[in-house]
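Each of the two complexes below includes chain A, the first together with chain B, the second together with chain C.
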Partner chain A sequence: MFLQTIVNGLLLGALYAIVGMGLSIVFGTMRIVNFAHGQFVMAGMYITYTLFTAFGLDPYVSALVSFVLCFLLGMAVYRVAIHRIIRGPEMNHILLTAGIGLMLTNLAQMVYNTNQLTINLSYSHRDLVFGGLRINIAYLISFLIAAVVAALLFWFIMKTETGRAIRAISQNAAAAALSGIHVTRVTMLAFGLGIAVAGVAGTLLLPIHYVDPSVGDAFSLLAFIIVVLGGMGSILGSAIGGLLIGVIAQLASYYLGQSYSDVLTYVVFLLVLLFKPSGLLGRSRV
Partner chain B sequence: MHNRRPARMLATLTLAGLFALAGCGTSGSGASGGSGNTGGGSAGSGDNTLTLGVITSITGADSEFGKAQKEGYEVALDEINAAGGILGKQVKLVYLDDKSSAQEAAKDVDQLVSQYHAQIILGPYSSGSALAVVKKADTYKIPDIVPTATAANVTQTGSKYVFRLCATSDDYAKAICELLKQQGDAKTMAIVHEDQNFGTSADKAMVNYAKQYGFEVVDDESYSTKDLDYKAMLQRVKQKHPDVIYFASYSKDAVALMKQAQEIDLNAKYFTAAGTGFSVGTFPQDAGPAAEYTLAAGQWDPSAKWPGAKEFYDKVHAKFGDYPSYHDMEAYAALYVAKEAIEQAGAYDGQKIRDALASLQMETAFGPVHFDSTGQNAHPVIVTQIQNGKFVTVFPSDAATGKLLPTPPWSQRK
Partner chain C sequence: MKRLRAWILPILVLILFALIPFTASFYYQQIFFYIFLFAGVGFAWNLVGGYAGQLSLGHAAFFGIGAYAYALLAPHIGTGPAVLAAAVLSTVSAAPIGLICFRLRGPYFALATIAVAQLLLVLATNQFKGLTQGAAGLLVQGMVPDPSLYYWVALGFMVVAFAVTALLATSKTGYYLMAIREDEDTAQTVTINTPLYKLYALLVSALLTGVGGSIFAANLGTIQPNDVFSAAISNQVVFLAILGGAGTLYGPLVGAFILEFASDWLKNSVANVTWLGDANAFAFFLYGLLIVLVVMYMPAGIVGTVAKWRKGRAAHVHAQRTTAGV
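What follows is the complex of A and B.
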């Protein structure tokens, strides 16, 4: 049962990880305090829900649609709103993005009402059995997609020219501009990318969780915890942070009871910050 | 911008967290006129309409139940207006949405009193909201008819202005225990309940009655309806091998719990529930095969012996296309109770209506209504079982429309 709980935790954690990874680029790397992150996850969920109910499109196919639509949405939001306050204090980021989040929440409420919507997939409650270990098919697919997204993201940030530019801007925007990087364009791209990953996270969550307009708040908080736990600016750290929180939550639920899973998650979060304030894989910034 | 210290970052996050909390309560719409509400004004004074205020959950997690209630109110409203209204006035209902939140429900009372000069309140839906509304209505000294909230504490605030139509979580637990005693083959029980007012009240009631009836409670689990996954919790239940599982759940969680019970092969002789999510009309189709054989304590069924029960069922189905459950019926009956009380009071006046309610004795399609000194109506509880996607009343024997079927293990179901 211990092993089963760990496996379930890793499967759940992969979903947490992908929620966190999107924010890792936006907040961890670009230092935009995006408080609408959860609402973009919600947007991905609604996109997937709509495609499923209108065209019967399998959610794991619509992940790609979510990615593209949220990418465009993210870039537009950046260009229209966030770009204007990007050099301002963090308080402005919070106010602006919280406002964007509220707008998205209320927009969703206008279009979809506040009902909790779910989709029914033939395989969302089906298990594969490997020698006594049960693995839920929907979770397994989500896990694999999350792993691919994480790998691609890591490769993009570490190996490509644009990724290098993103890292350069995160270190010193002025110097990056001086060395010929188009700061506005690259920042917009990075923001779009982070939102796109949030959208994919939403898609992967829908087969196992309902969507309603208020679902985003919980994901925003979760994402910030994962990013800080994993270490600011480390995408790998966010992935590990997500997996860790998934495993802790499941272990707590199984051994102590469901209501302890949040308690233990926050205790571990505080302990990590206490002993390693820069997060698991964060560079020391002091 | 990169040389920030963690402490600064944390301060930012804390602020951000506060925003998240603030954000929770700010979405949603205000009043939604159900049947031509044009702003109400002073009800019962001069003009020929009487505006009554209803609080229910139009949006939010409990919206399925709010929708059911609204259907019940609307059918009653049509009938009452067709028959000449109340005190010779046509009735208008104004629906205030509590957004499935107790704070909002309390604010709705303020709005009904200040904007619509309400002298009586109908609703809300959930036990959490009901507790808030009852306390608030008491400060205004206007009566509140509680149609659906089952938590015991709703009538225990000491208010003289609360009148509850439905049976309580105690009655649910007792009915399930009676049925199990009659079956005779259950010894151990696990309780799985949501962690708000309804769930905790149902849990407390069952712990108490299980002891009285000699069932051993081997596991008692609580969860939040916002949780992503219940499998770890259900695994805990599985390890204890209970004969009976008693759920106290709202709608989406009830569906997820049964589907995940099937997924992890959690078997029990009896899957039982304190009505609610297991009784709502959409449950059999949403949970599909996983809903089969589940037993739910409930308050009413279209097969009930009281005149008007079947007619109500047909009317709701014809008007809205839905299959009404007891949530619809309780709202329907609540409006009739309000009508009777206002007419007996002879005036739209809170104190007089309260006194009329306290001594009220009437027959409704929901059964006879009479409130005791705490404002509680003695209403009989039934137990239904889902058989081939339909609710069949299996308990008590004088109300039963079918026989209780034994629950096969998941592996032996088709």
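What follows is the complex of A and C.
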């Protein structure tokens, strides 16, 4: 059973990993303290839910729709609001994005009410059995897509010209501007990309996790926990952090009880902040 | 003379507040109860978040500890001692919380305070269910015989919280805290013991917040962990202080006034508009929009912006007089 719990943790953790990777681009790299990250995960979940109930669209197809819509939404939010305060104190980032989060949460409540919504796929209750280990098919597909998204994101940041520009801005925005990088445009793109990844994470979570207006706040905190655990500015670190939190949460919930998975997650977070603030793979910061 | 003049406005406002219960209905007395209560907690937050510039997003931790300390102890030791115990316990709990969180700066401090408050929320809901009754709720013994008297309790609390923050903010400690806000490293360089002063501000802040929590619980009559430990409480305190003006003396009161009346007006006026769906959610949507607009266009808050504007005008008048040779 121990092994089974670890496997479940890794399957869930892969989804947490891309929730964290989205924030890693926004917070770890662009230094925008986005307290509304979880609300964009929620947006992805509601987009997927709506497409599924209205048109019967398979969630793994609507991942693309989530990506595009959240990308546009993210860039718009950046251009209209965040861009104006990005050079200001971090306190203002937090307050502004918390305000945006409050708007999104309550917009969702106005449209969808507070019900916990789930979707029922034909394959969401079927398991594959590998020598005693049971693996839910919905989890497995989400896991595989999450792995592909993570790989693509890593490739984009590390190998493309735009990715290089994003990393350059994170190291020194002024020097990046002097080398001919359009800082505003690239930052907007990076923010949009981080939000788009959050939206995809929401899509992949929906077959296995309910959605209601309150999930946004929970995922926001979770995303920060993952990014800090993995290490600031390290996208790979966030992936590992997500997997780790998934395993910790599953182990705690199996051996100690459901509510302990939150308790243990917060305790691990506080311990990491205290004793290893640079995270698992992070460089020094501040 | 100038010192005397500074007292005129607060005393006039206080007389006005003292007259309200004789003319207002119980409904409005309760609205004023929440204005005073949250203004008082806002004053307390302002010491840490406004003057010292440490963005605590977890003040619900102290609020909840105060509320539960009062609720659990009042039947055994009486209401007065229970409020005292709430003050002591929330202050004592602030010491380890401060020692942990103040090792971090900026957004990491804010995140740590959220994590602490969330941790307490989960613990109070599940692990300490035997003590708190969890989500089922805990009956709270009243503080005063008549519900309308809570108006006075909250008013008294606010006056005390204001006096404490005003005294601290205008003393040497207040200037040390502001120095920490402006530049912590420089403050340290000029030999200010920054960890000590930050902790001092947090202890005073937690004491007042804990008392606020106990009054809140007594007025409500029954509490669940979600009423007092939730992020909604932490956020409300922060937002009203920011709206009024963080780091200004009167900011939290102005912010609490506007937020309470605006949300009351909104809830009543959109309650029958069906196409909006949930009227409460619509009110909170506008609340979020207000925060966004304030941060974008008026980050100093209402009081801070007015003060800046007046300072600018005074400088302008002064310049005109000097050039005119007056």
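In this section, the second predicted complex is superposed on the first by the 279 of 286 C-alpha atoms of A that agree within 3 Å, B and C clash if a C-alpha of one lies under 4 Å from a C-alpha of the other, contacts with A are read in each partner's own complex, and residues count from 1 in each chain.
Assume a residue touches a chain if its C-beta (ideal position, glycine included) is under 8 Å from a C-beta of that chain, and two chains touch if they have at least 3 such contacts.
Source: prediction; values computed, not measured.
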Which of chain B and chain C A:Ala81 touches, first, second, both or neither: second
First (chain B), second (chain C), both or neither touched by A:Ser66: neither
Partner chain(s) touched by A:Leu270 [first = chain B, second = chain C, both, neither]: second
Partner chain in contact with A:Thr187 - chain B first, chain C second, else both or neither: neither
Partner chain in contact with A:Ser24 - chain B first, chain C second, else both or neither: neither
Partner chain in contact with A:Asn106 - chain B first, chain C second, else both or neither: both
Chain B versus chain C as contact partner of A:Thr5, first or second or both or neither: first
Chain B versus chain C as contact partner of A:Ser142, first or second or both or neither: neither
Partner, of chain C and chain B, that touches more residues belonging to chain A: B
First (chain B), second (chain C), both or neither touched by A:Leu96: second
Residues of chain A contacting chain B in one complex and chain C in the other: 33, 90-91, 94, 98, 101-102, 105-106, 109, 113-114, 213, 217, 221, 224, 228, 257, 259, 273, 277, 286
Contact footprint of chain A on chain C as seen in their complex: 53, 55, 57, 100, 103-108, 110-112, 114-116, 118-119, 122-123, 125-127, 231, 235, 238-239, 242, 276-278, 281-282, 284-285, 287-292, 295-296, 299
Sites on chain A touched by chain B in the complex: 1, 4-5, 8, 12, 15, 31, 33, 35, 90-91, 94, 98, 101-102, 105-106, 109, 113-116, 118, 120, 124-127, 134, 136, 170-173, 205, 208-210, 212-214, 217-218, 220-221, 224, 228, 232, 250, 253-254, 257-259, 261, 273, 277-278, 285-286
Of all residues in chain B, those that touch chain A in their complex: 1-7, 9-10, 12-13, 15-17, 19-20, 23-24, 26-29, 58-61, 63-64, 99-100, 195, 221-224, 226-233, 235-236, 239, 251-252, 255, 259-260, 262-264, 286, 288, 290
Contact footprint of chain C on chain A as seen in their complex: 33, 81, 84-85, 88, 90-96, 98-107, 109-111, 113-114, 213, 217, 221, 224-225, 228, 257, 259, 262-263, 266-267, 269-270, 273-274, 277, 286
